[in-house]
Amino acid sequence: MRDLRATRQDFPILQRTVRGRPLVYLDSAATSQKPLAVIEAIEGYYRTSNANIHRGIHTLGDEATEAYENARAKVARFIGAPSPRGVVFVRNTTEGINLVAYAWGRRNVRADDEIILTEMEHHSNLIPWQMLANEVGARLRFVPLAPDGTFAPEALERLLSARTRLVALPHMSNVLGTINPVRAVADLAHAAGALVVVDGAQSVPHLPVDVREMGCDFLAFSGHKMCAPTGIGVLWGREDLLEAMEPFMAGGGMIREVHWDYATWDEIPHRFEAGTPNIAGAVGLGAAVDYLEGIGMAAIRQHEVEITAYALEALRHLGDVTLYGPRDAQRRGGVVSFNVAGVHPHDLGTVLDEHGVAIRAGHHCCQPLMRKLGVPATARASFYLYNVPEEIEALVAAVQHARELFSGVRAR
Amino acid sequence: MRDLRATRQDFPILQRTVRGRPLVYLDSAATSQKPLAVIEAIEGYYRTSNANIHRGIHTLGDEATEAYENARAKVARFIGAPSPRGVVFVRNTTEGINLVAYAWGRRNVRADDEIILTEMEHHSNLIPWQMLANEVGARLRFVPLAPDGTFAPEALERLLSARTRLVALPHMSNVLGTINPVRAVADLAHAAGALVVVDGAQSVPHLPVDVREMGCDFLAFSGHKMCAPTGIGVLWGREDLLEAMEPFMAGGGMIREVHWDYATWDEIPHRFEAGTPNIAGAVGLGAAVDYLEGIGMAAIRQHEVEITAYALEALRHLGDVTLYGPRDAQRRGGVVSFNVAGVHPHDLGTVLDEHGVAIRAGHHCCQPLMRKLGVPATARASFYLYNVPEEIEALVAAVQHARELFSGVRAR
Amino acid sequence: MASALDDLYRELILDHYRRPRHRGRIEPYDAQAQGYNPLCGDDLTLWVRLEDGRVAAVGTESNGCSISQASASMMSERIVGMTLPEVEQLIGAFKGMMLQGAEPDPDLVGDLEALQGVKRYPVRIKCALLAWNTLIEAIERTRGESGGRPATSE
Amino acid sequence: MASALDDLYRELILDHYRRPRHRGRIEPYDAQAQGYNPLCGDDLTLWVRLEDGRVAAVGTESNGCSISQASASMMSERIVGMTLPEVEQLIGAFKGMMLQGAEPDPDLVGDLEALQGVKRYPVRIKCALLAWNTLIEAIERTRGESGGRPATSE
């Protein structure tokens, strides 16, 4: 296994204990931990350069503006965007998708149009489209999943038609781990005249991502899942689409001229950033991009494939464990959802917490997928660059303890 | 003058120099500086408790949720809200107002209805209503200002009618400093059957504010102007109104049940917080509230009245200076907009920056008000708890230098 | 560690989880109520029949973790035979014990005391309360007081 | 301090600011263009008349700071008499000097060199460029190339 072990030193929280045991943090798909470089970037910003941006005529304002716009340029480079003009700072993936649903969707999707999603959508890439569809009288259709939690491009092809306005899908599922064939999806969708929105919440933090290679029209992702602060995320959009869009929210900083009863808009991306943005958050995201690039996204991906394969194997070995998603770690991200016969996921979560092991238990914001899988909830362990094989062993030992506890064989 | 001088030690940035001179930060109306207590609260959160909230079954998740909800409770107390249920975390004032315009406005304002604003609106409390009005065919009306930048409740009364659905106004103007009679406005508006939205961006950081005393229906404000981090703000709303509203954005964390083609919503305030919120931002806002309460909002207000009176007097004394807004510092907040004959505000800003003095120059996101005042821009100095009289003296000396530079009497 | 978990998952609780009492719908009934914890996904339906002012029968159907299931089972067992004021007194005592850390009156709470181990796991308290909040809703319905919204222990 | 400001506000610049050349609309004209800096509020309208392929007359109307006013005035003075290729060469040299820190060719930029002091104040560079970006727009219009959007130096 490629050794990124040394990176653990960069994450202060990994030194802490939980209920007397060393923390084993296996919940990075919910939110990642933050390296010192990011914490210090935020701190440094507030200690030396804090000011409002784009409006200043003073040195601090210049410095803050430069820090903010530098972060935008770093993000653009990180995702292979042709220029920073397509990079809109938002709060999180959810806001990015809502922005498209409001500012593009409300003007371009009409009665009887169709929006195609998959059966693995996170609520954040489902409900905004439901609200849009219900408002304008459009229909949602869902690409069905095969039993292993994947779908082939042909499954999409059968749903595409002249009525399809949009295909929205996750690059990687937060429950199944499935990595979807976004390039093939984009080619098919475009051939049918539809746009493609990619929910990159789980992929951008974990895989090398290039919007030009993916061929998508919009990509949304969250800083907090990629070593960056909470409250900052990105909507990348094709510049010609963004140029043609009206604003979503309105207010200071996104205007050209304002009159009593109408206003005209600033250039992209500013047009979509009304009000004072999360400046320190953007600076922190820039630092996170630097940090991740310093390690290398390919190395992170390789590490996660290996640790995921190890975890899948170890859990399968336990017996009485149901695993969800593709069997092959190469086809999935570092997310392993499972259930243990006779142990409710919440009970599992509590027993694991007593061992210092932090996992998630619940519907993972994917209620329809849970119904499809026929379970009320799953347990989920998820990995990042800082996880090491011993932590998988701690996970497995704790799961074993839970099984014993609930089978009546008390381990004292 | 009440001496809050000791608070300067709490703000690390105030130790820095700009162009070789000690920083004189007179731009707190744009964004405030941050005390160490807030910087450390953010840092502490990331170093010890960072996790996603409301979904966890592990210790970190509990700690993060508690920190986030504690911050909400502190904010509720700070603004005299009946309970934390009415406190919605947003990015900033701008998002708070857009939330009302979308989630309440789009369903309650119809063709030929009227929305009343004032002539002193910040773009953030103007354009969202323009977009709404233009979409549904409603009309905007504007309470006219007297020459001193104030208006009497009677001026509003003349505009109110059965068609008025909403009155939106700033508690305090970011250009004129004017503190508006929100209680009288609320009483008149309510008698006419209209709701009241208060833009509290400038008041909540600087005055004791109590939503029950104000009698408003919604109040929006930004953390970054009140010693808290960027990227966090608050929309407070009357609970019965919020309960009756559909969500604005949709996604994870705000649902009850999700089906393939519809969803039902969680309780308030969660219904309005889609996606992972700015958890560290909220924690920082909680720390800022603690910090401000430790000093006392009444003491801060008193200090600002005194320093504003001193600044008004000193600038008036200079000659060739036009001041905007009420003469009496008791009737205004700590914001002084002015113009110097023959010196464009941008040039003034640059000269002042060379002296280490940071002010703002421009339209302050109030283009219509600038047109009303008959100027393209103004210079603006704004104050907070950490400003001291010597800084006013530095401001005046720098303004004097600019006058000399531009009158041809070069001071070498 | 073993002892904290043992305290949470006492034999009594695991026993109720494995063999829940009063499962299933009852007929006839005077009130039905539903409870739901959106973030857990736990749900519960409760039926209550009254005779002569006392709880004559209780039935539950539910999905959820051991704590929510055991709590529903133990609650059902306890309230059969009680008058409504007695039920309300019990609800008050149970919620007081779980939420305010009130010292429970042993005569009142009886073996429900076993659920106290949950208090060390704040996020699980709502699991233990789900059945009880649903019961409050059901009682209100016997009096025609409720708006009919599902209960929640959020 | 005095020297940095003196370098920004050189006498030549203050002179153009106080007595701007080529003010006002001209008639007839071959192209008109508008420029606007939304964040500053500075605006500028530029008229250009060509004769025999050379700039025969220039007029400006504008609101703005000393830098944007002086830059417009100095630019107008410089380009009268130039061919369009010469104007474009000048624009390139000026923008190169202001944005890329290119060493200016004295023969080309002449007294526009005085605007170099602006470079120490990055936020003011767009003030110095406003007239020039508007000129680019005007030139495009003489060739019928432009979409008619106001220029901006953001």
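The letters A, B, C and D name the chains in turn, as written, and every chain counts its residues from 1.
Definition applied: a residue touches a chain if its C-beta (ideal position, glycine included) is under 8 Å from a C-beta of that chain, and two chains touch if they have at least 3 such contacts.
Bear in mind the structure is a predicted one, so any value in this text is a computation, not a measurement.
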In contact with chain A and with chain B at once: which chains are those? Just list them.
C, D
Geometric centre distance via CA averages, chain C-chain A, whole Å:
37
If you average the Cα atoms of chain A and of chain D to get two centres, how far apart are those centres in Å?
46
Between chain C and chain D, what is the separation of their C-alpha centroids in Å?
78
Residue numbers in chain A touching 2 or more other chains?
19, 55-57, 61, 255, 257, 345-346, 350, 353, 362, 367
Multi-partner residues of chain D (at least 2 other chains):
39, 124
Classify the chain contact graph as line, ring, star, complete or other.
other
Which chains are in touch, pair by pair?
A-B, A-C, A-D, B-C, B-D
Chain D to chain B touching residues, read off their complex
1-2, 4-6, 8-9, 14, 39-42, 63-67, 121, 124, 127
Complex interface listing, chain D residues touching chain A:
36, 38-39, 122-124, 152, 154
In their shared complex, chain D is touched by residues of chain B numbered 19-21, 344-347, 350-351, 353-355, 362-363, 367, 370, 376-377, 405-406, 408, 410-412
What residues of chain A sit close enough to touch chain D in their complex?
54-57, 61-62, 65-66, 255-257, 266-267
Which chain B residues qualify as touching chain A in the complex?
12-13, 16, 18-19, 23, 25, 27, 30-31, 33-34, 38-39, 42-43, 46-52, 55-61, 91-95, 97-98, 102, 122-128, 130-131, 133-134, 140, 142, 222, 224, 229-232, 247, 249-253, 255, 257-263, 274-281, 345-346, 349-350, 352-353, 357-362, 364-365, 367-368
